[in-house]
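Same chain, two partners: chain A is paired with chain B first, then with chain C.
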Partner chain A sequence: MSIFRDAGHLFRLAGVYLAGTLLFLVVRAVVVPHSFGQYGHYRGAAIAEIAAKPLHFAGHQTCEACHSDVARTKASGMHAHVNCEACHGPLAKHAADPSIDPGKPDVATLCVRCHAASAARPKDFPQVDADQHADGVPCNTCHQPHSPAIGPASAASGGAK
Partner chain B sequence: MPGVEGFMYPNEVSLYWSVLIVLYPYITGLVAGAFILASLVRVFRVEAVGPTYRLALLTALAFLIVAPMPLQLHLGHPERSFEMYLTPHRTSAMAMFGFVYLWYLMAVLTVEIWLDYRGDIVMMSQTTRGWRRLLYRVLTLGSANVSERALHIDERVGWFITLIGVPSAILLHGYVGFIFGSIKANPWWSSPLMPVVFIFSAMVSGIAAVLLLYMAMMRLRREPIDMRCVDTIAQYMLYIFIIDFSLEMLDLIHRIYEADESFRSLDFMVHTKLWSSQVVLQICIGTLVPIVLVGLVQVTRLSSAVRKRIYAISGSLTLIGVLAMRWNVVIGGQLFSKSFLGYTTYKMGLATREGLLVSIALIILPLFILAALVKLLPPWPQKRQEAAAASAPAH
Partner chain C sequence: MNITRRHLLILLPAAAVAWESVLAGTPEEAPNYKKTDHWWGMLIDIPKCIGCGNCVRACQAENDVPDGFFRTWVERYHVEDWNLANPEVISPDGGKEGFPSVAEDSNGKYFFVPKLCNHCADSPCTQVCPVGATFISPDGVVLVDQTYCMGCAYCVQACPYGCRYIHPQKRVADKCTLCYHRITKGLTTACCEACPTGARQLADLKNPKDPIHAFLKTHTVQVLKPQMATGAKVFYNALDGSVR
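Up next, the complex of A and B:
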């Protein structure tokens, strides 16, 4: 058949494209993880892998099981809705073994993270220019972090006097 | 905050899409335009532009190779772009562009160039030496059949590929317009006319680019410019430019008459931050001047030397105008706040990954690729005849 002979180069070109497509399919089968698309446009096995990672945060219920006195102070103050580990950092290791000292947060950097004056914060949110407000005196000299308002409740729990 | 006026939401202050995203539709447009010019010869049988047919195809290929680079530089991790093909994300317009690009590169442009050059490739595989011989032999795919019938089959298949290529070129660049036009949150972009305007401006820029390249290459080769060819190309450029400009004005009039909630803000932007790049550069210098100049050629009798100069000036201004149009779309669309009460400023870096120097390099790079392609696959009839004469005794 002369048509096949004279169009032979086209079949060769088609062969190159077919080989390229097959190579792509092989690469795809090897490279794309098997669990891809199991639940959505991501690797399904990633969920189990992430779930298997060690926990770093203990959760405030765990903290409150031992530190019920602090929990009571906190519940009556402005920081009632701030979780323990938001300031103290992840404490799963301390919860598992209380002998591990979690250390105390550095109030010089901690408090200003939320309370430094910024136009982006809501107007009714307590915020100060730390240099003018405290002049280098640590915040917890006057404010008891678990119940920061200065007043009788705060003074009774060891805060500002 | 410096560079910010009025009320901007915090995520609007700095622009996410830089000058590289201006280059992406610009370069893609040059590809589509150059291909449409090539199709004039093959599908629409405009014989006069024949001398630029092969040059237009090679120009399209050179620019198409560079087209994804601005995106890859902008996003970083270019190796990850392959994942777009491995795990295609069907709801992402941007990811689907990868397939439009691949279709155009592999199914249209490469095949058409190969079919058109096959006879030459076979000849050159027999007349050259060293690595070039090896390269041409690989490109022949092991078939040296250049019989009349085989070449006739190539011609027919090539015609069919070009026929598919025209809507593909429109798809390629229409798709780029669609990526912007479909962003409903941005009133500067969100318009169904966007893909259409993009296609027509692409055609204008691609035709202008090939016109300039043809004239420059003829000058470099010290060969006479085929005036019938450049006159016809300039005519097509003028007609398409008029359609393009009319569509852009239609969009503008529509916006002015509709005057929706974004209008005052956008109008202010056009009169201030975009005044020089849109009104002066894009509309006056980049559109009206070339239209008037090429229009003058149509109604007056000018010598070929004057016409050549007019085409060189209009072609260059057209390329600048279309680049300004891409700039105004991409950068302009990010200068105003969604609140319609504030404006920001774009500061282009100089020697950064998304800066001016990289942009210039990306614009120049296709010219080097084109030079290499022209060297490997000469688009000039004379070279082909020489090659044919040299290879004749071998048969």
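Up next, the complex of A and C:
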């Protein structure tokens, strides 16, 4: 009998506890992002947001859809496995709107980036000492960049002139 | 239309479920891309790397990487045969504009090592994030949720490969996403697209037709810092023991 004399305190305490729990659940529901925990301990929607970032490189498949002539020239030459944008740079804008001028790569800096002789490069990779090899003559005077070997095939595709 | 008590009791939970998906929004993802069908990694063929820096420039263009910071970079090793444990390593501006020419060294060797996030399966960086802002996606790519990151840089310290940095303007962690916005659309990464020699190749380890499987069976392939058991998924062919 005397144990339950002050039972009102316990009910008030339980009420405060319940209100606190309720407040916690409400705040939690508001501040925790909706997709948190969808795949793991992170915001699941972040994956789709990252996947939606814009492209800068169009990809060689896109280039070849229009420039099939260049793709054919390239396929038979030494640069068959060099993708278009490796030299021409990122061109997704040009791919989306062909009226945007992609510009021409500068052969003076471009060719030597890969082909300047250096003992650090793999031995079987074609390298030249540009000063001795060409004496300032631009590389594309003799070599057609899309099929760089000098010979009848290269000349036919607009190389050595 | 008459809604009985029975109908209302059925409709209410259905509406609650529908509201959930309304709130979650419709994620923009490429059709036909199933996250659980892929497990991404990369193959780096060291004997093919010519140190041109194309990958570094391509990565910066594709991902708007600020100057002086790198999601991928190239190191040039010079190892003298009497001093294998102490290689000389240079990476001027991340190798972005290539490397100075060198003459043949009769006492040693030179080679290039491209580096990037290893997209570890048991990544140390995601384990230390206190807020769940960095994570391994279901297709095996280590990503950063930059709207959730608070820039504490624990992950920058935790990465044993030094692949993370704090973005100087956004003040949040930034790193290689393995061009997640490209690979989910069926394209290769910007660095692989720009690599002229095929030294870097994107690999889908869950795709049985991916050429990586034949390559791994027939070549001596290693990951960086295997002793750390990070489950790194960037595989290096013919990696020299001096590489750190």
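In the analysis below, the second predicted complex is superposed on the first by the 110 of 161 C-alpha atoms of A that agree within 3 Å, B and C clash if a C-alpha of one lies under 4 Å from a C-alpha of the other, contacts with A are read in each partner's own complex, and residues count from 1 in each chain.
To be clear about the criterion, a residue touches a chain if its C-beta (ideal position, glycine included) is under 8 Å from a C-beta of that chain, and two chains touch if they have at least 3 such contacts.
Just so it is clear, the structure is predicted and the values come from calculations on it, not from any experiment.
By the touch criterion defined above, A:56 reaches chain C but does not reach chain B. By the touch criterion defined above, A:41 lies against chain B and chain C together after alignment on the C-alpha atoms of chain A.
In the superposed model, A:120 makes contact with both chain B and chain C.
Look at A:81: by the touch rule set out above, it reaches chain C but stays clear of chain B.
Annotation for chain A, partner touching more residues between chain B and chain C: C. Residues 36, 41, 120 of chain A lie in contact with chain B in one complex and with chain C in the other.
Chain B contributes residues 10, 85-87, 89, 106, 111, 114, 118, 140-143, 145, 147, 149-150, 153, 157 to its touches with chain A in the complex. Chain A contributes residues 2, 5-10, 12-13, 16-17, 24, 27-28, 31-32, 36-37, 41, 120 to its touches with chain B in the complex.
For chain A in complex with chain C, the residues that touch the partner chain are 33-36, 38-43, 45-57, 59-60, 79, 81-83, 85-87, 89-90, 113-114, 116-122, 125.
Note for the complex: chain C touches chain A at residues 20, 23-25, 27-30, 35, 47-54, 58, 61-63, 76, 78, 97-105, 110-112, 132-138, 143, 145, 147-148, 177, 180-182, 184-185, 187-188, 190, 193-198.
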